[in-house]
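A, B, C and D label the chains in the order they appear, each numbered from 1.
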Amino acid sequence: MALVRASLHVVDHPLTAEATSPAALVGPTDGAIASFLGVVRDHHHGQAVRSLRYECYVPMAEHQLERIAEAVGAELGEQPLVVSVWHGYGEMVPGDVSLAVHCASPHRVAAFDACRAVVEAIKADLPIWKEERYADGSARWLKGS
Amino acid sequence: MALVRASLHVVDHPLTAEATSPAALVGPTDGAIASFLGVVRDHHHGQAVRSLRYECYVPMAEHQLERIAEAVGAELGEQPLVVSVWHGYGEMVPGDVSLAVHCASPHRVAAFDACRAVVEAIKADLPIWKEERYADGSARWLKGS
Amino acid sequence: MPIVTVRYFAHARDPAGCAEEAVEMPDRVDVDAVRSLLGARHPALQRVLPACRVAHNLDFLRGEVELADGDELALIPPVSGG
Amino acid sequence: MPIVTVRYFAHARDPAGCAEEAVEMPDRVDVDAVRSLLGARHPALQRVLPACRVAHNLDFLRGEVELADGDELALIPPVSGG
């Protein structure tokens, strides 16, 4: 099986260094680690974002992360894959890290492809919703990303 | 100009947490950070690697990193890009991190594309050479990667 | 007929008027049937229903499924994680 | 004719017998001319020269370049960083 290990976390706060650093995946067998961080931005389509709230259907999100890790591992064929994913929810402000994905594999193409595929699948299928609150006092649920 | 800031480092030791963590690029304007770590592997084409040495033509490597950052930034067109690159040289053992690339941009496609382009350009053009020493006592300069 | 828990999230929650409720459902449903039943129950939902997916026991519902007492259905508006 | 510093790295260094040396060079050279001159100077280099690129003052040499005293040339065998 291509998926060697998956470490999947949905947590009710912005991500901390434990989540954002790829250090936990560094070891002597995997030569390449590709990572992605999603960071809360202070602007969206020209509007100044003051804060936001991620709502999460937690048990489904955890289950879907397992599905995503398995599917991306299977796509890699024989390449071994170690995946670590953290998604935060709740209140966040610009500069907070909401998503961290780390993918380790012996070779760089597999690591890059896997990381991008995991991020795209999260954007498509993870039951998490972002409500942005703007500097003018209005708020809005984002639809898609 | 697409390249907002580049922080480029060639250092004579394995990379430490300062280099491997994307934390330094986290801020409220860039929503996406894509990263890559190159890690020394304990096997190469079936041979057990005991240690290796990276030789580096340091002033040329530093100059080429500037060229690479500028070229990748220009490819992104209007997307702003912040790039951080660290390459280590000298003696290393399996599990040591030799390369760290971090690319931050407002959107994920630009961050991913830039990170991958920087890594490919480094593999193609950075004047650094890897000599692997195997468990059986032999040693060999790698040719390409 | 089975009684299932239905959950509403994000921009589906206000029109539903609740975050979750127990609903009696037919033995077998597909996505269209769930949308019709919930739209009839909460007319304010009808505007957002076409864009919503349906989850059954934590997986996206595709095709038909047999429901049992205690199953969980959820309306999943377009997601925006990451 | 200008005197330039020539540097040899990795698997080009042993056949050259040194890591760097001062070499008198023509006023204008291209990659093929540098390879020929260095191959004539160090016959043991000839085996690795076809795979080597040439750098001039820290940039890869493409086309012709005018050399000046103190310029730096380097033989760049296939790289393996990352």
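Here is the rule we go by: a contact is a pair of C-beta atoms (placed from the backbone, for glycine too) under 8 Å apart; a residue touches a chain by one contact, two chains touch by 3 or more.
In this text, all values refer to a predicted model and were calculated from it rather than measured experimentally.
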Query raised in the report: When you check each chain against chain A and chain D, which touch both of them?
Result: B
Query raised in the report: Where centres are the averaged C-alpha coordinates, which chain has the largest centre distance to chain A?
Result: D
Query - Between chain B and chain C, centroid-to-centroid distance (C-alpha), Å - result: 47
Query raised in the report: Just curious, how far off is chain D from chain B if you go by their C-alpha centres, in Å?
Result: 26
Report summary line: Whole-Å distance, C-alpha centre of chain C to that of chain D, is 71
Report summary line: Flagged in chain A as touching 2+ other chains are 38, 108, 119
Report task. Check each residue of chain D and list the ones that touch at least two other chains. Result -> 82
Query - Chain pairs that touch, as defined at the top of this document - result: A-B, A-C, B-D
Query - Touch list for chain B against partner chain A, complex - result: 17, 20-23, 26-43, 94-95, 97, 106, 108, 111-112, 115-116, 119
Report summary line: Contacts from chain B onto chain D in the complex sit at residues 38, 54-57, 59-61, 63-64, 67, 87, 98-99, 119, 122-131, 141-145
Report task. Can you check the complex and tell me which residues of chain D touch chain B? Result -> 7, 9-11, 51, 55, 58-60, 74, 76-82
